[in-house]
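One chain, subunit A, links the two complexes that follow: it is found with subunit B in the first and with subunit C in the second.
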Partner chain A sequence: MTAWGLAWRTIARSPARSVLAVVGVTVIGALLFDMLLLSRGLLVSFRDLLEAQDFDIRVVAAEGSMVHRPPIANATSLAEAIARLPQVRRVTLLRTESAQAIVPGGDHLRIALVGTTSAAAGSVWTMTSGASLPTVTAAGAPPPLVISTRLASELQLEPGSELQLRLFRPGTASALPLVAARVIGVAQFTFEAADEYTVATTMEGFAAAAGTRDSTVAEMVLVSSQKGAGAAAAAAIARLRPDVRALSNEQVMEQFNENAFSYFRQISTVLSSMTLAFAFLLIATLLTMSVNQRLGEVAALRALGFPRRRIAANLLWESVLLVGVGGVAALPVGGLLALALDRILRQMPGVPERLHFFVFEPRTVVLHAVLLSVTGALAAVYPIWLATSLPIAATLRREILS
Partner chain B sequence: MNRVRASAFAAAFLIALAVPVATTAPADPPGILISRQLAEREHLHAGDLVSLALDATGSGARHFRIDGTYEPTPDPLRFTARRLEARMHLPDLIAMTADPADPAAAESLTAINVRLKDPQNAVRFSDAVTARVPGIVVRLTSRARDGSDPFVVLERFHVAVAVVTVLGSTAFLLALMVMRAEERRETIGIIRLIGISQRSILIEVLVEGLLIATAGAVFGILLAIATQGAVNQFFQWRYDTALVFVRVTRSIALQSIAVSVPLGILAGLVGSWTLLRRDVLALVGR
Partner chain C sequence: MTGAAMPIIEGRGLTRSFAMPAGAVTALGDVSIRVEPQDYVAITGPSGCGKSTLLHILGCVDRPSAGSLEFEGRDVRGLTEAERSRIRLTRIGFVFQRFFLLPMLTAWENIELPQSEAGATKAARHARTRELLDYVGLAERSDHRPSQLSGGEMQRVAIARALANRPALLLADEPTGELDEETGAQIAGLFDRVHADGTAIVVVTHNPAVAARAGRHLAMKSGRVVTS
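Coming up: the complex of A and B.
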């Protein structure tokens, strides 16, 4: 009989014990799998969101960052200069502020008002009904609005509905007057948070809501470069104005990875390490107890001429079977658990609805398998040493006497 | 507002350039405090003269004397941020930042911290100020209950992870208890043969389980208390903050005992029950 066959028979002899051990490995393995998914989940999901936008360069004020974005003066002329660069395909401006949206004679909600240009359609948002923002707005016409599907559903709005806006001006002790606007489209916004309602309007519409005619101020310029010309475009933009900073998608991700995402990376590292240590201790304890119960049997096998190598292989196979079956079962269980944990974490305020904390990658499965295998092998070391170094005659004598 | 200006010490989170000054500094520049992190990074000490400006070009820079350094108040919402900060008297900050073309700029503040005589009146005070002064936001320092507190979500996440860990360890514990009961098969058989009732054996198992589970829970809590310092030191080093990340409180210790002791007893009972329901002769191998 091979070492594998002997290990299988040993495990099958105590089904209750083996099933419980496999269940334990499955649950701990599922937790390990989830922590590995968490370690890179935000990064992968955020990259997907950025790349789905079709803009590969973001221009912000030099003193700001992607989170704190001071206004860029004369952003319109900057956008025009960027659009003239041969490496650039598409440019759009972006400006955001909090506002109150009021249905005439009805409900009101706090919203995130985004001022932008028509080029943002299809990237910053995806239309579901109605029309996108126009390139030119007729003089005196109410600001056109593209609202999020959640806001449309909450306030029961549709293209053609009227909506009044009151912009909040931070740092000022006065309230701006209400501005009458008209909904022209409903869309899904890429970066809308679950606890947020987004409304987009033109830069002129935003300026009207802000009580000014100056529509040249923006806080970010989104740039889509020609294929393969991203770095050259970023360098050319940086040369245009010294007071702005052009960030590629990689640089944006690096900023978020260094700051916003690092807590989850650290916590996943700590929990992964603790999970592995826990799995090691428990598997080692189970195997050691199993060997202690079978000392007479091991001594008898050795007396019959079984070499130490086969005894060691037998115990190693036992560990492989427990960890292997539990590890494989951990993948679907971990997947389900990841869905539940993701749902919990996505309740965090301000997190875009399409951002996920747990994202599946094939490399995670490989890493999970390697880590569990190493843990299983290490956990088998002490029981193997115990079984292969026992004195045969003394053990047999003790077993017979007892 | 004037009272605030006269008494408040401004928290100036400037996007500033802190440059040691070699020459042309005024005889007695105003004093500032700088954060420990800024002092370490720029090798600054109390008594040094520095110039601060609002932009990287250094335009409109003003000279200050460092009177001391301070440890920034740990902020869980900003613990990943590098706390390169300076604190100065409010008039100095306004002199640096106010737009001369805007007459209201010298009277503008970012925030006013208020300590009420009776904290129970916080909600009423907040409502009254919001109604009287349009365009401002009044926030209570107590934890928000409207879903805007990210730590409530983090707490839920950690509880979920703890529940999964408890489930996994329960399965392992059951496996160990089944093995342990199997080891004592013959002993239990002999005890039953000499007339000890199943009830007495069960009580013995229960007491034994209680003792082992309590000892395990206490050991676990002691281990957590012993290692919390290492976890805190790691994260405090990683993020250069004084924030406390792990704290074993009495409530957490009691929760751990409340979960682990019943689970330990239950696992012991389940393991032993498999033996107690068997025929006594089968236990002794007859």
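Coming up: the complex of A and C.
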């Protein structure tokens, strides 16, 4: 009989204890799996979101933080200069502000108003009905709006509906006039949060809502570079204006990784370590109890000539079986738990609906297996030492006397 | 070449002391013993006189504090733990008072296990296990687990397990200690057969009926052999 076979029979000998051990490892393994998913999930999901867009360079004001940056002055002329660069394929401007959307004689909601050019369509949003933003807004015509599907559903709007807008600006909101606008299309917005309603309009429409004729200000210039020319394009843009920074997707990821995402990584590292410690204690305790209950058997096997390595192999296999079965069962349990936790976390204010906190990667399964295997092996060290170092004669004598 | 055949095991001046908080306790003092092939030796004496200690030293599961021990001409003191394990596995059979069968294995599997460890082929294991189950009269109980066997049946399985690798020496420590008189007599009869079939036996026993069947007697008292 192989060490594996003997280990299996030993485990099957105490079904209740073995089931408890497997359930324990399953629960702990599921938590570990979720922590590992969390440690990279947000990063992977954010990168997917960035790469799903057609823009690979973001131009922002050089001053300020990634989240709070002042607008770029003369953004229109900057966009035109960028568009002339040979490495650049497409350029669009972006402005955002909180606003109030009011249905004449009806409901009103707080929205995120995005001012941009038609070039943003197809990457920042995906049309579901109606038309996208026009290149040129006719003089005197109401600002055209592309609204999110959620807003359309909430206020029962469709292309052709009228909507009034009023921007929120600290200290000036009450002074800003209501601007009558017209819905021309409904779309799904990539970065819309679960608690947010997004409305896009032209830069002129945004300026009108802001009570100004200046449509040359933007917070961000989105740039699509020619294939393989991202770095050269970013360098060329940086040379155009010293007061702006051109960030590639990788640089954006790096900045978020160093700031916002590092908290998740640290939390998941601490919790992963805790779950591994629990797994270690659980297995080590159960195996030690098991060995202590059969010291006489172990001593007899040793007296019969079974070498220490065989006793050690049996115990190691017992640990591998308990951790292996529990670890495999932990994957679907952890997966279901991750789905539920992801749903809860995505309800947080301001989190884009398409962003996920728990993202499955094959490497996570491999890491999960490696960590549990190492833990199982380490947990077997003490029981193995206990079983292989016991004095045979004294143990047999004690067992007889007891 | 002439002269006596090599003994299976020979101990000279065997002493075993245990360190205790109140000072060293000598469980075995200056005992010499020689076990030849075909010997059947009974060791008797009161509890705590050192019988089991001597048996454990002869079985290479314990080391003497002093004295020399040779197994089939090899100095046991110079052997590694792995080499001593190999001797126990292939050349010595152990029978314990409490049987120590593995409860999750059947009678067949308990007997097959030492053969498997010794590297016997599947066919050889199968033939030997069947032979031994017939030998101890338990062919019909081969798929029974220890919990499904009586005390006498468990001890017969334990004897079959001890004989699995055809040892030169069978050591038994109070083999009838857990059995009633009638069952004990059956086990003693089985030892007679084992001895008659060519295996040397050293048995530690309180049972006069078992001791009476042995060809040699060692009576021990306070760690010493008082009559031989």
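Note that in this section the second predicted complex is superposed on the first by the 397 of 402 C-alpha atoms of A that agree within 3 Å, B and C clash if a C-alpha of one lies under 4 Å from a C-alpha of the other, contacts with A are read in each partner's own complex, and residues count from 1 in each chain.
By our rule, contacts are C-beta pairs under 8 Å (C-beta built on N, C-alpha and C of every residue); 3 or more make two chains touch, one makes a residue touch a chain.
These numbers come from a predicted model, not from an experiment.
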First (subunit B), second (subunit C), both or neither touched by A:Ala16: first
First, second, both or neither for A:Ser77, with subunit B first and subunit C second: neither
Chain touching more of subunit A, residue-wise (subunit B, subunit C): B
Touched partner set for A:Asp195, first subunit B, second subunit C, both or neither: first
First (subunit B), second (subunit C), both or neither touched by A:Leu345: first
Which superposed partner A:Ala260 touches (first subunit B, second subunit C, both, neither): first
First (subunit B), second (subunit C), both or neither touched by A:Ile28: first
First, second, both or neither for A:Ser273, with subunit B first and subunit C second: neither
Contacts of A:Ile400 with subunit B and subunit C, given as first, second, both or neither: second
Shared contact residues on subunit A - subunit B and subunit C: none
Footprint of subunit A on subunit C - complex, ascending: 52-53, 56, 59, 61-62, 81-82, 85-90, 92, 94, 96-98, 100, 102-105, 109, 112-114, 116-118, 161-162, 165, 173-174
In the complex with subunit C, residue positions of subunit A that touch it: 1, 6, 9-10, 12-13, 296-297, 299-308, 310, 391-393, 396-397, 399-400
In the complex, subunit A residues that touch subunit B: 14, 16-17, 20-21, 23-24, 26-28, 30-31, 62-63, 168-169, 171-175, 195, 258-260, 262-263, 266, 270-271, 275, 278, 282, 285-286, 289-290, 293, 337, 340-341, 344-345, 347-349
Subunit A contact footprint on subunit B (complex, rising order): 15, 55-56, 79-81, 108, 110, 133-136, 147-150, 153-154, 156-157, 160-161, 164-165, 167-169, 171-172, 174-176, 178-180, 182-183, 231, 235, 238-239, 274
